[in-house]
Amino acid sequence: MSAPARSIANLRSVTGIPTARLVTWWVIASEMFIFGGLLASYVMHRLAHPEWAIAASNTNTKAGAFNTFVLLTSSLFAVLAHKAADAEDGKGAAKYLRLTALGGFLFLIVKGFEWTHEIREGFVLASGGFWSFYYTVAGLHALHVLAGAIIMLIFAVDAAKNVNLPRVQCIGLYWHFVDIIWIFLFPLLYIAK
Amino acid sequence: MTSHAVSEGGSDAASADHVHHGNYVKVWAVLVVLLIISVVGAFTGIRWLTLLLAFGIAVIKAYMVAKNFMHVNVERRWVGYLLITCLLFLAILFAGVAPDIMKHQGLHWDNYAAKQAIQAGSQENGKHE
Amino acid sequence: MTTPATGAHAQAGSHGHEPGHHEVSFFHKYLWSTDHKMIAMQYLFTGTALALIGGYLAYVFRMQLAFPGHDVPGYGLVTPNRYNSLVTMHGSIMIFWVAMPVLVAAFGNFLIPLMIGCDDMVFPRINRLSYQVFLVSAIILLASFFVHGGAFGGAWTSYPPLSAKGVYNLTPIGASLWLVAVALEFVAFLLGGINFIVTTMNGRAPGMRMWDIPVVVWMIVIASVLFMASVGPLIAGAVMLFFDQRLGTAFFDPGRGGDPLLWQHLFWFFGHPEVYVVLLPALGMVAEIMAVFARKKLFGYRTILYTTWATGILSFVVWAHHQFIAGIDPRMANVFTITTLLISVPITEMIFVYIATLYGGSIQFTTPMLWALSFVAEFLIGGVTGIFLGASGADIYFHDTYFVVAHFHYTFFPSAIIGMFAGLTFWYPKMFGRMLNETLGKIHFWGTIIAFNVIFIPLFITGAAGDQRRIYNYALFSEQERPGLQHLRELSTIGVIVLLAFQVFFLFNFFWSLRHGERASENPWLSNTLEWTVPSPPPHGNFAELPTVYRGPYEYATPGRKEDYWPQNAPITPIEEGAL
Amino acid sequence: MLQRFATSGSTFAPQIDHLILLIAILVGFWFLAAEFALFWLCFRFRRREGHSAQYITGEEKHLSKWVTWPHFAVIVCDIVILIPAILVWVNVKQSSPPAEQTVRIFSQQWAWSFQEPGPDGALDTADDIRTVGDLHVKVNATYHFELQSRDVLHSFSVPEFRLKQDAVPGRAITGWFKTTRTGTFDIQCTQMCGMGHGLMAAHIIVETPEQHAAWMKSVSNPAAVATSVVAPAPGTGASTEDSKFAEVRQ
């Protein structure tokens, strides 16, 4: 099929920010509202319900801390990928992208074990206010991690051929944003007890 | 929101594209140290210290990631303004909603169901411990 | 849904066929196209088809209200649950699947690249995806009519606990499908809206400064920004409500630590800006049309933009005026009353500027101009009646009465329907390369406008007399049973039938003109903006040579020029430079 | 103005009516002025041979004052509306004049039920009167009501009283009204509450003290109780629920 991949509009840059990066910023802004709405609802309830702290004490702080470490490290790889891409080093960028995605999958695996354990304990989505928020917020975040990791693997294929290198920075931006969300989820869900 | 950038035109688009890359490993090391501090804080058992450390460090970490990894500081300035505006609007949402949701009692209303839930939750979990 | 689109556009597409552009299959040309004009057509025809469905629903429940308990011709007996489904679906369809796709998506897609002088959206394939997600959402919504229990009937606001539990609403499947459809629709418009914003920010023609962007593009972009910023919390809320429905979570369940009021806040935090998302594109189109047919510069282009931004930002701090008596803390109502009356400050200024634009003009009363002027005239009614509802003390009485219904129809109808007709009649030559018939257009205009007022002015009165909303039969309410009120309801129903009947003129005009209308030149209205510098209809890629912009879009009747218009891309000749 | 469409029966109804009248006058003036300007300009500047449009940017001081000054006047009108609107709101929804009687109102799909104090004048005692569909109150008396919902959102609306308040499950919302004349008035549900929303009607019966006493006597009569007073339906646990509500509130 003949659909053009890029329009002339796409190649223009009136603001001085390349289009792909500009759109990433807007996507991040709109995601901020989705997560913001959810987290604002959670914080409001949490502050008003002291009994949720008892439920929260069943979360695994160590697993959460390890996952934070994993995401922080993968963020480092993402920014190193960006650095490599800026230096026109497609192979290096692809390597770091794959490492970042690996971090994402490791995060999901840890999450999987953690949730399996909690579900075995009898804490499921319908177990009460805290658990409803816990699974929904973390689940939404995990979906973002999964999507980001998959996109990274796809971009890595191109990057290895030195094609579409500016994209590396954009997926990196998104990844850092997902990381920042987790930086706040970690104390909200695991530490505040 | 487009105001500043638009008039400047796209002449220096290429220069904005390539940022100065600092020492990312150092930033990452600081982030990890901060993470360790916040986790240790959680095990002290002092509630106010735990919360202060946890959320204070979360803000610092988020700022560091935004500044050093996302390069918000060298991005065109309105991007930062855009993100801050988003946070501001979320603060408006919070401020407008909190008086009804975060409180269980107010002028001429009383959220007895929430109070019951707190009571039931505390008792049930107390037995569980 | 797309069948009308394909049939109608076959005509237009063949003109836009470039020599040397190889043949593409029917599927790729009409259903899988990434061309912004084709996507605009897809949105337009889907939206219009859904508007007809929404109109049909309105006809059914108005007939029930006028003649309660009788079989409605073309539908059958309206049971209470069916009635609730009808009003719910009418509201949802008209706002989410008609006003949004037609005003924001169809006109946004068609106009933005043409008006800012580029070949397409920055992300054509995301644009296509946006429409496809939208289409899926529309199909899901329509499918909910046919599931067990019928379509959702808990009002378009979908307040829990009613919407959260099947035992309460009796339409468990319909309620979930409604929610999924709405959430998908939001995703579609997020994709489309971000595309609009970025295209306008980055893709403008050389020389087009910020103050050279036509008002309608500004308004669609601002609407997209408002949508982006307001819908996030509601997407989160939709996920929460869906989990409450299907997975037994406790987000909105008061018995288990949740709070039903939370949904109301999340909904209206989106719902109020949404009003402006729908209104702004219509206001923008009206501004373009008024400038062209009054041959006038807008009376303060920057004033319009400043007031638009002010209105947009203020629209985020007024949402709880929809909840004055919903159980929120009464002290908060005072805050929201103040902000609500505050929002009237910029919007009045804007309307005054629109009216003042006519001063010193040379006004041609073409069909698009009639629509544009009627927009201002009718929207004024919606605006001033809003004060009754924004003033908390008066809202105690008017809340959830037909007064509210009439009020928001006087804001939404001018935006969605009058604005749509204004835009369609104005850009029809550009979209399809033919002129519409003016006589038929005027018959349609007068019929629609008169019928519209016949529908909703009686409803102001029944509302003031205490008719509450969403009641399928007033027989049980002795005060509402008075014959005088029943006559008003019947009058309103007659208005609906007349209104729908007059749309035949439009549909006939539309399809007849596709083949038999007078061929449109590049610039039939002698307008300045860039879309009028390309052939009608514009070819794939829009501009043979991408334009450069030299001036703002409203240079009409500029002193020292022979013509009374001055296209944005016309270079300054030395003679003109001397004259200025 | 509203009196033509809906008669009034509470002390604050005239206040709300006056507020509506004030708004109607002010916005009516601006509405007519704006429509007049619109139509006049359309007529005055219609296209005529030999007249071309003027070049006006909107920044000319002598012209822009025609927009700016009315605009300031509109702001003044906003304030004139705002103050009484808030005063009326504060009176109806925020203030709480001492009550002679408190009643409890329950909404559920799709009926209204009421709990009134019996002869002892206190709620939650053995002689409470529970009714469905009819609320009996005395004329010229101040009532507090406590509104609860058993399932979904409902809204307690009495058009004659100009009174409306949503009932939210899990919350007890209080309000007040003072009756001014006898009669039987409609209670509507004005919040979508499901299939029977259109059936959810009830009546508020405003009586003289004598009539009210007679009514109370008739329902306090054990024989009458069986017929006119609805016992809590078995299985719904209404009465135990209610006493639990009361407990928590203390």
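Order of writing sets the chain letters: A, B, C and D. Residues in each chain are counted from 1.
In the analysis below, a contact is a pair of C-beta atoms (placed from the backbone, for glycine too) under 8 Å apart; a residue touches a chain by one contact, two chains touch by 3 or more.
Since we're looking at a predicted model, the values are computed, not measured.
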| B-C against A-C, pair bridged by the larger set of C-beta contacts | A-C
| note | Averaging C-alpha coordinates per chain, one finds the centres of chain A and chain C separated by a number of Å equal to 35
| request: Quick one: report the Å distance separating chain A from chain D, using the average Cα coordinate of each chain. | output: 48
| If you average the CA atoms of chain A and of chain B, how many Å lie between those two points? | 15
| field | Shared-contact residues (touching 2 or more other chains) in chain D | value | 93-94, 169-171, 173
| Residues of chain C whose C-beta touches two or more other chains | 201, 204, 229, 233, 254-257, 259, 261-262, 266, 269, 327, 330-331
| remark: Check: chain A positions touching at least 2 other chains come out as 12-15, 17, 29, 32-33, 36-37, 40-41, 44-45, 49, 52, 128-129
| Which chains touch which? | A-B, A-C, B-C, B-D, C-D
| query | Any idea which chain C residues touch chain B in the complex? | reply | 200-201, 204, 209-210, 225, 229, 233, 254-257, 259, 261-262, 265-266, 269, 316-317, 319-320, 327-332, 336
| note | chain C partner, complex, touching residues on chain D are 2, 5-6, 15-16, 19-20, 23-24, 27-28, 30-31, 34-35, 37-39, 41-42, 45-48, 51-59, 63-64, 66-67, 70-71, 74-75, 78, 81-82, 84-90, 92-94, 109, 151-153, 155, 157, 159-160, 162-171, 173, 184-186, 188-199, 201
| For the chain C and chain D complex, residues of the former touching the latter | 80-81, 83-84, 153-155, 157, 159, 161-162, 168-170, 254-255, 259-261, 294-301, 303, 325-327, 330-331, 333-334, 337-338, 341-342, 344-345, 348-349, 351-353, 355-365, 373, 376-377, 380-381, 384-385, 387-388, 391-394, 396-397, 399-401, 461, 464-466, 468-473, 476-480, 556-559, 564
| Residues of chain C defined as touching chain A within the complex | 22, 24, 28, 32-34, 113, 118-125, 128, 190, 194-195, 197-199, 201-204, 208, 228-237, 239-240, 243, 247-251, 256-259, 262, 266, 269, 546
| message | Going by the contact rule set out above, which residues of chain B touch chain C in the complex? | response | 1-3, 5-7, 86, 89, 92-93, 96-97, 99-101, 103, 106-109, 111, 113-114, 117-118, 121
